[in-house]
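Read through the structures below before going on.
Both complexes below contain chain A, partnered by chain B and then by chain C.
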Partner chain A sequence: MEYTRRFTEKLSVEQMKIELLHTAYGNGHTFLAKLDPRTLFLWYAFFGIVPWFLHETRILLGMLGFMIVTTVIARVSPLIIFILCLGLLGQGGYLLVISLFFGGDFSAMLPLLKLTAKLSVISLASITVFCSMNPDKLSNGLLKIGVPGQVSFSIAYGYRMLPTLLEEYHHVFQSFRLRGKAPEKRGILYWRTIYYFIQIAMRSFYPLLLSTAKRARTTVEALETKGSKYGFNHTKVKELKLASLRMQGMDYGFLIGSAIYVASLFIIF
Partner chain B sequence: MEPMIHVNDVTFQYPGAHHPVLQNVSLTVEKGEFLAILGGNGSGKSTLCKLFNGLIPNYYVGDITGEVKVNGLDTFTHSVASLSEHVGYVYQDFENQIVSPRVLEDASFAPLHYGYSDYQERAERALEFVGLEAYSHSFVWQLSGGQKHLLALASVLSLQPEVIVIDEPVAQLDPQHANDIYHILRKIHDQWEKTIIVIEHHTEFVAQYADQVVLLEDGQVSFKKPVTDALNQVGTLLKHQIYPPQVTQAAAQLGFDAPLPITLAEGESVFRPSLHTTFDDSSIEMPMNKEPLIQFQNVNFSYQTITRKKKQVLYDVHLQIYKGDYVALVGNNGAGKSSLMRLVTGLHKPGSGEVSVNGYNVEHTSPEHLAEMVTYIHQNPEQMFIDDSVEKDVGFYMRARKIENDQELVNRLLDQFELQDLADRDSRLLSGGQQRKTSLAIGVGMDPAIMLLDEPTANLDIATRKHITRLLDQLKEQLSSVIMATHDMQLATAFANRFIVMNQGEVIYDGDRAGLFQNPVLMQKAGLVPPQIYSLSHQLGWTSPVYTVEDFVAMYRKKEGADGVYA
Partner chain C sequence: MQDVTKQRYKLTQSQKMMVFILSMSLYGLSNMITELVPSAYLGPIEFSIEYFAFIPLTLCILFHPLYAAIGASLGEVIFGEIMLGQFGGFGELEKFIAFSLAMYVAGTYVRDPKNLRQVGIAAMLGVSIHQAISVMVDMLKVWVGVEELEAVPGLAESVVVVEGFAFVNDLLFSGILFALLPTIYLVPRLYGKIEPLLGMKPRTRDDHFSLTEIIGARVIAGGIFLAGAAFLFEFLSESGINIIDWEADFVENYGQWVIWLSLGIAGLIALISILVMTKNKSKATGMTNEKRNVS
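So, the complex of A and B:
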């Protein structure tokens, strides 16, 4: 009971909010966070796609090693790493169980490991890149590579509203608790209690929809008065916004370094 | 010289509406005016203001006739964006007009999107002007409500518009922040010579800051007068359920000649100071039956902030609430009032110490169970609406508990709170006052012994406030005890028999109202402003305080008799 309580405290809506915002904004001081977003896009374009087409286990493992290093440099939050590991192990594990069930043996392990390594490289690359770009940087980067202003604004606005919406959700959820009635018997394995909470967690979404619509009315009017219609895709505005983006020595250094490492993997193996 | 705003015979009707919201409105606002717009709910105040920055008719398309000119520009042919450089608008729900995650980014949003290369400096200047420069790099969600309001204002100021429209600035703020925002508005008015237009219910602020007043009635301009003249129309204003300052009401009831005083300072010179008479202090008797319902024992409480630091909000709180206590919990925003009440609901658990309700320790009792004894009414009623009609929302608790004759109970509640006509409507689409009544009906329907009310009159116009105050008074019979967090001192003095003052997480006063109001240092520290009529009686040297206009008038007549002089 004590454990479940401690666990639910960790899982509170408040904690989720903190964790989310921290992942988004908390890593501004790392080396990778100082790079230009275009560098990161380019880097990701390689490490997010190329591993799919590689079959040489040693090269994959070499890349995996590199990814682990960048993940460490990016100071990714332990929670995310934990979720990722859970996912990868679960994936590999159930495939192994199925292959054993259909009469395979442990020789099935090797291709499975290869697949897991591939997935790990790609996942770690994604995590590295997205944890190193806060929403401002991501949206500026997108704007720079020609994505319309509305899209990059939506990202920033999404983050602006996220804590507010979570809080509102939390309030509605609490209202359900204060007015509802928790099951008196917990049921086998707490199933009644769990069912009760899942039910109110889902029902709490509905009131949110309408209140969001109501908020949006003022927001859209305000955007109109803030000149967004004119500004989102105007060249002058774009120039002003992106004036601070610059490819610097360390950007090139990072890209060249990565290229040399990958090339040497191919040459050695 | 051409007027700043010129509205000529405008009639406007929203699409699908049956009546025009504005009807033959003509109005001229000169450059440099500080104009207050008064009017009851639904009189068209916000609609009128949306004419000024062209949201009507460029954004809200409806049937419109007439002409509007702002700073020489015809609003019918200019875009909202180009008009916004001349007219800035701060909404009543200002939180939703903040669109960026960071403070500086939001303040520079408009000048950036207008293509000004000095957008950064403009934003910094505006933030400095409203006193937010220390928060430039903070996230919006780290700001308090008052600071968010200032940010919304700064984001508008960064474009340096000639006219600033601000919709009910006081509604969401505590008295201290309300004064702050008005000080800033006055500074903008005096230093930058801008035209300020406020929509405001609180005539005491109007008297203190505005120089011109417009009264709107059913979409028509009833009058535009200088502020003293306007607030002297006591009869007309009261007919529209607008309450002039208490000083003015008292002078009118005593039959003084015009011009009636409209500010405290004016009141002091009009009413004769008392010479010598003293009266008994008719303080309210404390309840005799000492049966603790709620106990706080050395309670500390803190929560984790976004920066993962702990923030302590309650320090060593020790309190007993007894049967028959109707408590006003007062103090600044952020003093810990809401946290204190939420601990009683069991939704939060204390960090150390013990909170118990009816003998149940909240730490070991589920919120669902505590809810059968204690009801918490949110400051924002919308957060309590979980079903799709008023009737279903009120009956939710009873249905969850399979209480018999629930329909009968629901009907009785709808009767009591005058909600029968709204039973099938979605609660979230009601007006502020109706929502508040619904939230009270929901609370009473849970048949609690104790009710916790968080700012029950926030965001309401004065007439609705009075209505809610009356409903709350009736509730005393149904409840053993009430704790009410509020900034509304008129409500607090009318309702409560015990005042608890909080400041920075500590209880700094616990006693009756006389003891509180007679301690100016304490009042100052807690950011409290007594009802104007109380201050007046105090300034006049009365030793027995009065809390309502009626008491003041009665006492003044008595004193005149005692002193043997007639004013």
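So, the complex of A and C:
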């Protein structure tokens, strides 16, 4: 009982906001966070794509082990791990129920489990990489690999603003609840209550749309005063901005180490 | 010639960026919310909030559809998927294209945002295009035999039934509840109010989008190429050569406990992360308090 209570507390919006901020800015001291963004992109390009083409379970398991280690090193927020597990469990359980329903047996689970292992490798790789970069670094990295300035800025901006937006959404939602009247009867299967909450959840986007529009304009105007449009389109400015990105020994070491590990997996199995 | 009254709806570079940012951050936020809301199961049938499609729909109707659509898709991929570790590899590419296309078509369909009938039709149109594309891709995968469904009794039929049901469910349940009704509610209320906040004039009946201007031959070719590539990659990744023999062996040798073992491990990890979360709570709040003080 104690745990459920604390767990629901943990899932509060405030906590989520904190976890998101933590994901964005809290991991600056880890080993992976010190690497160059390009290293991380390269690493993710490998571990995000290659597992799709692998069918040898032992290699996949070896990779999964490696991913778990990097996830631990990156100090990924438990909330994100929890969402991930929920997704994987839900998917597996759902398909199991379906195939049992249509007369299959448990052997149906095996290909599904292999798919789950594949998905876990890819998901963990993306979590590791994403949690190791703060918005500035992500934006610079994207700019460096040739993403247009507007897009890379917008991504970094969204990354930074999400926790704030979430908080604002929560405030609007709560004020709707305060002023509104919850249904007196719950209805069959709580449908009245569910309907009520869904309605509020959608109505809350109305004020949020307006305030976000205002915020977007302020941001873009601020960018303009800083001459960003010039910066996005001129290589000299870009060079100056990205001068701090440098591939160091650590980066090469990490990439070579990963490559050796993967190669040895292929050789052993 | 006839274009004296029919002006092109033009935006400056910064206005495009505003629309893009607005659409991306809001749809990313809503994706995060839908990701967290649990879905209800009725037997093997799932009732869930698939997505808050009304946000990109509303924005596509009120602003330039192209930038709103691409912004929303990008927001979904980045904040709803990569950041939460739900990224599905190349399959996402197909989703990205399908969603952008559906929202864009819905946005261009509406000539007059004050006309509720047009808005309603556009909302349903957007959802059905998106769902139809994704169901077709899924069915096609089964048809071509991409996934090893033949090996598993009962799964092939179930996929078709489930896909068909998911389509109807998404169209009627998500489509009406999360696209049609909120879009009809929001568009007239926001029309004329939100545009000045971004420093632009509201869309009028006379504005029109030239399809050829935006979707040139290069974009179409690129889209087809990317969709083909996405499908090819999925095909390659799903079609193993030696899966079937090996599977049978595996079950004989190790039995079904392997399955339960792996399910148990997943459950265990979930449990541990719950424990870690409850344990870390005081620490986390302490840290953020410090951060606040510093900033």
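Note that the second predicted complex is superposed on the first by the 223 of 269 C-alpha atoms of A that agree within 3 Å, B and C clash if a C-alpha of one lies under 4 Å from a C-alpha of the other, contacts with A are read in each partner's own complex, and residues count from 1 in each chain.
The working rule: a contact is a pair of C-beta atoms (placed from the backbone, for glycine too) under 8 Å apart; a residue touches a chain by one contact, two chains touch by 3 or more.
Keep in mind that what you see is a predicted model, and the values were worked out from it rather than measured.
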First, second, both or neither for A:205, with chain B first and chain C second: second
Partner with the higher number of touched chain A residues, chain C or chain B: C
Which superposed partner A:214 touches (first chain B, second chain C, both, neither): both
Touched partner set for A:151, first chain B, second chain C, both or neither: second
Partner chain(s) touched by A:87 [first = chain B, second = chain C, both, neither]: second
Chain B versus chain C as contact partner of A:229, first or second or both or neither: both
Partner chain in contact with A:174 - chain B first, chain C second, else both or neither: first
Which of chain B and chain C A:18 touches, first, second, both or neither: both
Touching both chain C and chain B, counted on chain A across the two superposed complexes: 15, 18, 21-22, 25, 157, 159, 203, 210, 214, 216-217, 219, 221, 223-224, 229
Residue numbers on chain B that touch chain A, as the complex places them: 53, 55, 59, 79-81, 84, 88-89, 91, 93, 95-102, 105, 109-110, 112-115, 117, 119, 139-141, 155, 303-306, 308, 345, 347, 366-369, 371, 375-376, 378, 380, 382-386, 396-397, 400-401, 426, 428, 442, 446
Residue ranges of chain A in contact with chain B within the complex: 14-15, 17-18, 21-22, 25, 135-136, 153, 156-157, 159-160, 163-164, 168, 171-172, 174-182, 203-204, 207, 210-211, 214-219, 221-232, 234, 236-237, 240-241
Sites on chain A touched by chain C in the complex: 3, 6-7, 9-10, 15-16, 18-19, 21-23, 25-26, 48-49, 52-53, 55, 78-90, 92, 94, 97-99, 101-111, 113-114, 116, 119, 122-124, 126-127, 130, 150-151, 154-155, 157-159, 161-162, 165-166, 169, 198, 201-203, 205-206, 208-210, 212-214, 216-217, 219-221, 223-224, 229
Residue numbers on chain C that touch chain A, as the complex places them: 13-14, 16-22, 24-26, 28-30, 32-33, 35-36, 39, 41, 43-44, 46, 49, 52, 54-55, 58, 71, 74-75, 78-79, 82-90, 148, 151-155, 157-158, 161-162, 177-178, 181-182, 185-186, 189-190, 193-194, 197-199, 233-234, 236-237, 240-243, 247, 250-251, 256, 258-259, 262-263, 266-267, 269-270, 273-278, 280-281, 284-285, 287-288, 291
